[in-house]
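Scrolling down, you'll hit the structures one after another.
Heads up, the next two complexes both have chain A, just with different partners, chain B and then chain C.
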Partner chain A sequence: MSDVLVPWDDVLAAYDPALGLEVHVELNTNTKMFCGCPAVYGGEPNTQVCPTCLGLPGAMPVVNGKAIESAIRIGLALNCEIAEWCRFARKNYFYPDMPKNFQTSQYDEPICFEGWMDVEVDGENFRVEIERAHMEEDTGKSLHVGGATGRIHGADYSLVDYNRAGIPLIEIVTKPIMGAGEKAPAVARAYVSQLRDLILALGVSEARMDQGNLRADVNLSLAPKGSGGLGTRTETKNVNSFRSVERAVRYEMQRHAAVLNAGEAIFQETRHWHEDTGVTTSGRAKSDADDYRYFPEPDLVPVAPSREWVDELRGTLPENPVERRARLQADWGYTDLEMRDVVASGVLVPIEETVAAGASPQAARKWWSSELARRANDAGVDVVDLGVSPAQVAAVQALVDAKTINDKLARQVFDGLLAGEGTPEEIVAARGLAVVSDDGALGAAVDVAIAANPDVADKIRDGKVAAAGALIGAVMKEMKGQADAGRVRELILEKLS
Partner chain B sequence: MPEISRDEVAHLAVLARIDLDDAELDHLAPQLSVILESVASISGVAGDDVPPTSHPMPLTNVFRDDVVVPGLTAEQALAGAPASEQQRFSVPRILGDEQ
Partner chain C sequence: MSLLRKTAAQLADALAAGETTSVEITQAHLDRIGEVDGAVHAFLHVDAEGALAQAAESDARRAAGKPASALDGVPIAVKDVLATEGLPTTCGSKILEGWVPPYDATVVKRLRAAGLPILGKTNMDEFAMGSSTEHSAYGPTHNPWDLDRIPGGSGGGSAAAVAAFEAPLALGTDTGGSIRQPGAVTGTVGVKPTYGSVSRYGLVALANSLDQVGPVTRTVLDAALLHELIGGHDPLDSTSIRESVPDLTDAVRMGATGDLTGVRVGVVKELGGDSQENEGWQDGVQARFQEAVDLMVANGAEVVEVSCPTFVHALATYYLILPAEASSNLAKFDAMRYGLRVLPEGIIDPSAEDVMRATRDAGFGDEVKRRIILGTYALSSGYYDAYYGQAQKVRTLISRDFDAAFAKADVLISPTAPTTAFKLGEKLDDPIAMYLNDLATIPANLSGVPGISVPGGLAEEDGLPVGIQILAPTMADDRVYRVGAALETLLTDTWGGPLLDRAPALEGVSR
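Up next, the complex of A and B:
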């Protein structure tokens, strides 16, 4: 199968897409799902393990109550029903990342089911129906040795670290999302991005896609336009940024259309997303090997959350996302268009944190929605993964507010932050970026600019104050951008009045 | 309770990554059938008024506090491993050539 894609408009003319998203959220509990091992990142290999998460004979799991609480709160925030009684199940498969030879998961009795979430796309709410949210555990991490690429294919053998095995996961599965049409890629991105905001507001996970705390699988199928049916789907794994979610949906729509247009059938399979090349490649065919022989976990007793507990947890929920966006827009005084940009670029939470750190809402928006969003786009990452924190943005803006630097110099401070050159203050000092507002130096530059532009100077003398811009520009150029533009303007008007 | 077919045993062997030749399949399939039939005799005891259960204890909600307890050191964890490298469990090649 060649990877010739059907042009986007042709896909939309002939087919209706159906989307499905499966998002895994790694909880930020202190300990693992079924044992007391620490559930934190970055430990030396196999130092956060015990007989339970290593699957040693005789070890018995015990459920982490905090993880159940987090699962219920996620379910409630997604408007789900909470099961009155449910069980864990063994998902049997042989793969060395799960030393027990099964993953403890939930099968036909998920703790949360039948919910929905309203996501904002281009200023409109789009309701995504949630099929279920269930509890399970993460797997170990494999390092593949030998072969050219460090990938599993062609490897001679693999090395496994089980620190991550057993960390609590919540898998959130949508129902097929129909009717999104040309907006399918944007809906997919908006859903994952706004789900992340919700998870952060709940405080149940770090939810960093680049760290794998939040991972998305994208299911996609096409049906002939207007048929109302569901085509054969593919499941694209390893989609680890909002941007990639959008690109993967678009790519698979164009690829599916090419296969279908050629009169061939879509193969139900797992596909892998390649961030660098922006394509998916065939993974494993869904086949007999996917017979997981689920059965109820005999080592764990059922979970039956009391209605009192569920109600109590309902009282701990953050405000719902639609109300929250409306409140923040009112608090911040953004126009509808500004708010739409903010939501679309996934910077609502960073702006909120930047404002909390002392910057004005307009300044926070200026940096996140334009400067940093542009840099993230150039770098091919999500803006939240760029490597600049809300506190740093607020610190940069504080320097602007204090007139130590201006916006143009602030961009160079961001260069320095991304290069790891220290705090904004240190970067301003080390790079010599401070604005010159000393009248002596500025006055001399103003005199030079006036002498070089006598016609402009005459206009200003005649009262055309707007012409001062040209002289300010000349002074800024002379001073390599490091002049206090407001003071320069005052000096020009004083000298030419 | 239907008996397990030879094909089903062959399928299970594939899932379990166990190589069984024809003679072994012929030998094992009937044995598995006998075991299943024996277990199935339990269904004869349970009446319609007995709900299926996965656990003999009438317990629910056995939870643990979210408090770290010491586990194993890496040395202890790897002590029983047939092979290890870089403080990790070394396992044979995962995907065969055909995969």
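Up next, the complex of A and C:
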């Protein structure tokens, strides 16, 4: 069943969107939130478990101090207040991947609250207000075997891996984001993308959306244009890339408008985002009356970070994102337009790392903003998840700078990198991509080209140097692109002078 | 004197003097269990092989001159609510039938490190919910004083094992009186330490904010020796207090002189201390209590009457906080990872929820279900503030009453339980009557203060043991030991020997 969608412009004409984003950040602490098990990704199922994270009878939690530190640093970076005293709470509900059938989380006493973050959209800053950032533990992971969908419904049986159970999470919740209008999808994307940059700069998480280190839930509602009210919302889960965040907001806006235009009410529910088809489907009903029977976790003592400690952590914060963007633009000499593209395509951090690895800012931008961004778009992934690292990009550019390859050949090196063929140097060797700059071989090819294009040769002899391009093209074709174009040009001009 | 009749301290002395061995002592107790436990049913699981192996290791340490602790080689029984690696741990519930923990509770780890052979696991009300041990899914424990009567609860198994000389020592847990009330009705000593002073790691939680592990013994000195061994900070329990336990055996030695000069003893009006308002308090219990107070006064204590008006709300408060925490704690028993798993009948392709439902229906007893329902209700949105939230406020008021009382008195004193042991089955159909038995013990759990129950003699009308409770401020556990030891000395002198000498010998009993 496909949803009816209202054309985009019609949505904007009739409705104001309100956005809300809930982002879960999996911290990169060495150990889990409440026990000493390693908190690393991967590992054979159920090998990183103990009585506490398996919820065995009698086992008790102990708070990971490093996770609290990370939570406070995230809160400070988001301009939040840090609670002087707060508690964990139990969120009670039954699910097979929850070892205790309650999640140890925070309820009405979050460690961080009342903050904001300025995100840049089309060169302008848009302030997103943060309601809270709280600590909680991750659940295990269910794998539903059999059945067509991989979902629990229709599966033959399910397996649960508790390695993930108890990994520390920070949930960052925005206040309703109003007034974004047509930019709502872009604001949502920019927020998640720039939040990721901030998390990376803090060094508190790997923050990879494709691996679930960073997970976004998108809340959306529409209200009649100019009413200033809030409509009934839906919460779309499983939105695992920046572009999906943008697409999901747009999709839900168009779907909501269709429902509302038909005079029907939006059903408050969880919806699932489908990356492949670009649609959302109905999940379970979710109402404000969902009763998790929260109460303070009696096995944990309150968390009371001293003001001295908070101030000390404030001193460890990375640069403010707005200032940072201004500084990088100045350092790199990018135009406003170039910088806007870089920010919009979420490649600020990769470019910074590529420059740090030795490439020039222009070269780094060239690869990330065009070549790699295009490939990511074709593959339907975020560019940071494409599978090419900043160090590799810098290595490719170094080969270009050394004239071992040219830009065109470099694209083939990226093909090789994505195919896992080894380092850029290995790929150049294995694929035979090195540029030929040996005068003997080039000279022979130039002679062939001159002989085949006597008219062009005459023009050059007459001083029309610009015509050399045609001969260069012929030589490059002959040499399958692996010729040093600069040297070819010199040889042509020498021979025809 | 037979090995069975010796106290733990005497057994430790005999071991140190080379007069006996741990294997002899352990075997004697295993024989006694074999002889009487068919009638008493204090144990759910006896680990003869393991206990004897640990005893042999203990003897080897002694022979090498390297005992691990003062109690090295003295056997002990452990309440079945404490996780024991390699030994079944059922909490008296069908839902954990056959579960063998892969880890030791911290207190069990400390027992093993100190060289105490573990005789087995003792019976209890299911998940420690009850005051009679009748709610055990594996059948009740019988009071050694009268096999037709209850041994108290929830730790009836540990108290009965010690009272029937099946074990010189036992561990119990006390959430609302589960160590002290069984101690009272079996003529034994039970201590609830200050909340947080003994690790709860590995104690299958009933109500996390109330639970505390403590000693079950026949003398105050034995309790102090065991308490010092299990107490102290544990990094695995976040609520564990960092300060070390005060010197308890020293306090016992001081108290054992019987001199109470300068000690202010507070008689709590609301805990049976009001001679005008004695409804629900058995005459024989009140008589023994008054006698104990008089004896203390005669030996230098100053008695003051104190009033703790909020204590009348303690029971109601307790029965909101406990079920709330318990309802959440017990959610983990869902058949997904361990314990009982019941497939529902008549469902072709049961979902995980169907299996959870069928398992919990079959695996939990009525009292457990009753408290899960109560607790779920008390935490529900819209009721939270009125019930759980309100109960927490009353709890604070109860602590303030304690503070005010302790400003006037060094210790507080009351009967441990309002009655002596009642008959098996007598209160099974009347939960409220059962709950009322914990009236005097619950306030200590709500505020975290330490308490002891020491034998106070026999009630005239039924010849059954009465317990005297002594409470002290938080972290002043040494005071309960000092005053408890003094009262023990004074009363034992008037009886001309330990109270338990008057209990039936149980030899040749069978059921």
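Operating definition for what follows: the second predicted complex is superposed on the first by the 491 of 497 C-alpha atoms of A that agree within 3 Å, B and C clash if a C-alpha of one lies under 4 Å from a C-alpha of the other, contacts with A are read in each partner's own complex, and residues count from 1 in each chain.
One rule holds for everything that comes next: a residue touches a chain if its C-beta (ideal position, glycine included) is under 8 Å from a C-beta of that chain, and two chains touch if they have at least 3 such contacts.
Values in this document were obtained by computation on a predicted structure and should not be read as measured data.
For A:49, decide between first (touching chain B), second (touching chain C), both and neither.
In the superposition, A:49 contacts chain B only.
On the A-aligned overlay, A:15 touches which partner chain: chain B = first, chain C = second, or both, or neither?
neither
Quick one: name whichever of chain B and chain C touches more residues of chain A.
Result: the larger residue contact count on chain A belongs to B.
So, does A:161 touch the first partner chain B, the second partner chain C, both, or neither?
first
Can A:102 be said to touch chain B (first), chain C (second), both, or neither?
Second partner only.
Could you pull out which residues of chain A sit against chain B in one structure and against chain C in the other?
51, 54, 56, 62-63, 92, 94, 96, 99, 158, 160, 289, 291, 293, 295, 298, 300-301.
Show which residues of chain B lie in contact with chain A when the two form their complex.
Per the stated touch rule, the residues are 11, 14-17, 54-55, 57, 59-69, 71-74, 77-78, 80, 84-95, 99.
Would you mind writing out the residues of chain C in touch with chain A in their complex?
By the definition above, chain C touches chain A via 82-83, 89, 91, 96, 99, 101-103, 105, 200-205, 207-209, 235-239, 324-325, 327-328, 331-334, 336-338, 352-353, 356, 376, 379-381, 384, 388.
Provide the residue numbers of chain A that touch chain C in the complex, in ascending order.
51, 54-63, 90, 92, 94, 96, 99-102, 158, 160, 289, 291, 293-295, 298-301
In their complex, what parts of chain A are in touch with chain B?
Touching chain B from chain A are residues 29-31, 35-38, 44-51, 53-54, 56, 62-68, 85, 87, 92, 94-96, 99, 142-145, 152-153, 155-162, 284, 288-289, 291, 293, 295-298, 300-305.
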